[in-house]
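These notes are about the structure you will find just below.
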């Protein structure tokens, strides 16, 4: 272990924003890149989805573990929104977090395209719309935010494994494969590959994700509230 | 981490029952939803079962981790029965736990159906009957309950990973794919998809699960008993 | 957590032998059962081997976690041999451990057969012989024992995850799919399914496993030895 | 646990070099061996890559866990280079580490070939060249080294799971399947199987890996730097 290993971390805002951008970028590079690799290699769409879900869960575990002491490792504007509403983050910082996440996410799509020799940017062509898709995104984001909020109270050190494990499950139990992240959704509208989404379908996804996040915040407040005065 | 992160949890019974209902509901939504996704995407039934088992193990790890300090995270009437017999839970609370789990489980099936644009409720059409299936359910539930009871003595902090890991294995080593949970079994009789079961076959499954749970309780009492008086 | 959760475990020898038999039995039921399930469901032998390896790794993690404080969770005569040679176990106990493991393993094969409606016992029909197979078993068992011996010194609390993770890898990096366990090898000669082995091929497998285990013991003694007198 | 389990480890340099050689050898045996097994068993290249990635991630978790207190478990000249530049390792030791890793890696390829009855050594025949492949290797090694460097500061005990999880993801999100290791790259030029690479393509891979490692070192220094004087 290098000599500085034991010194505490005092990140300033620029470092935190860089961590959010870098982390969200690597997350999207994994989602988009593994999707391209999977669809090129397999004729079985379930194998491709496993090969999309397992790497995404693994990189989330890695990113949340290493970046959490730096920036909190939100990597997701829906998570930042909830922490902002809980006043764990000032509004201006929350806004900057969201911008850093979104910029990092878009760069992640470009990076994946360059690694796989695809055009740097393309418009998503996969239709993902309708009430069932929106319900899926609402449920997916509700579950993600509830996992984080309850987990912070009941098992804070397990958060990275919880986030990774939850997303592996949500890829499969929702009909939308659980985007569950507005920045990632925007970035996935910039690819015409396996994990893409039509730009037209993005606003409703983000609305559903926001609704799911807010519902989780309300439910968790009740679920974790002290009931007795003592 | 939000400011309330360090305060102890004092859940009252309503909060516990909500946790049991919500957790069992998400568990069933994962079992049924991932089953639908898997059978739609794959022609290889083993790929589909992997895509059913891995998400189920992952969500169990998540749910048991975050809900255990709230309600104990039984999520399973067979587990509640065993804790009730050990007097870790009063009979009335155990009964309410079972009802909350069953109601949550049924809602989980409905939620999965709505996300995948299937009718909200259907009758299970998959025949799962005969001595080998019943033996499978008895073994699956025996192993689950024994894992929990021995684990509580020997490795209590590992319980969430133990439950998730055990179920991933039991999906494959039993011929019934290890329902191992009466509330989940009832809820799976309400779907005509990959993970369904004919309503007719439910009672024998629940009887076999109960027998397996009680056998595990007896064996673990002996296995963990002190033999010397000191 | 039930009231007895915090009392120390004082298992006597009968309890330890029961734990070894039960654990090895569940391990073999998983190896054989998941093999039967996998070969029935898939035409792709790599999918079947994944569906054999992942459950085996998962159940090993579970069994070693919960049974280690009871019996040490050897579940493997090659491991018991090495601990016996290190005098961590008296010779008579080591012999009884080996017998309990072997009896439990055979029962595990029978249990898997009954769950899958196969004849209780069959003779293994799959030829597994030749220098490359023996080298594979030697390497597989060397790696398993070395992982355990070094891990006990450097990361004792990680042993269950190390054993499970190692076996998932060894299923794939050896040509024999890493039996790496004399009791399991004998038990797998009693099934004519995916995971079986001809009885004729068993003795050479066990010899190769023993050689690998002893080589690991010698190497680890050197690797972990103190070199300076202080 | 054997009696010596609690004594501290005082490895001398020979023990450290043996640990690096043995660990890198087992890593390469897993990469090459699981690749051979996978391509023999499957017609679906995505299944084969899953069966290559999951065992590699699992064995990395095992090797880094058990060998880290012995040698640091670099198992990778790019990692040794970075620690050498940070003066965590004297230059002569770093050089010997690199040689031990390379020799161990080559032996790992030979061992895999012998287990699978292939010629002991062959020249890699798979073309892996071009800007997209080099970018992939740069990104893969950047991510690996950044994960280790940030992880050492923010979550040092999670390093083994971080390395294993990262590599599972990087197999899929890069177009080159993330060699990310000069010693492993050289060793993979000695096999004409699934995981091989043409010897001709090795130098550019190693250059890209080195560039990625150095970029990670620079970025992490900034990301983890204290900004305020206090």
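A, B, C and D label the chains in the order they appear, each numbered from 1.
By our rule, contacts are C-beta pairs under 8 Å (C-beta built on N, C-alpha and C of every residue); 3 or more make two chains touch, one makes a residue touch a chain.
Note that the structure is a prediction, hence the values are computed from the model and not measured.
S.K.: Which neighbours do chain A and chain D have in common?
M.R.: A chain counts here if it touches both chain A and chain D, and no chain qualifies.
S.K.: With centres defined as the mean of C-alpha atoms, identify the chain lying farthest from chain D.
M.R.: Farthest by centroid: B.
S.K.: Residue numbers at the chain A-chain B interface: does the shared fraction exceed half, giving same, or fall under half, giving different?
M.R.: Shared-number fraction below one half, so different.
S.K.: Roughly how far apart in rotation are chain B and chain C when fitted on CA atoms, stated in degrees to the nearest 5?
M.R.: For the C-alpha superposition of chain B onto chain C, the angle is 90 degrees.
S.K.: Taking the mean of the CA coordinates per chain, how far is chain A from chain B in Å?
M.R.: Roughly 28 Å separates the two chain centres.
S.K.: Could you give the separation in Å between the centres of chain B and chain D, each centre being the mean of its C-alpha atoms?
M.R.: Centres of chain B and chain D (C-alpha means) sit 39 Å apart.
S.K.: In chain C, which residues are in touch with two or more of the other chains?
M.R.: Counting only residues that touch two or more other chains, chain C contributes 44, 47, 50, 54.
S.K.: What graph shape do the protein chains here make by touch: line, ring, star, complete or other?
M.R.: Chain contacts: single closed ring, each chain with exactly two partners.
S.K.: Let me know each pair of chains that touch one another.
M.R.: Between chains, contact exists in these pairs: A-B, A-D, B-C, C-D.
S.K.: Inside the complex, what are the residues of chain A that reach chain B?
M.R.: That would be residues 44-47, 49-50, 54, 57, 83, 86-88, 130, 132, 135-136, 139, 143, 147, 149-156, 158, 161-162, 165-166, 168-169, 171-176, 222-228 of chain A.
S.K.: In the complex, go through chain C and note every residue touching chain B.
M.R.: 1-5, 7, 9-12, 15, 18-19, 22, 26, 29-30, 32-34, 37-38, 41-44, 47-48, 50-52, 54-56, 58-59, 61-62, 65-70, 111-112, 114-117, 160, 164
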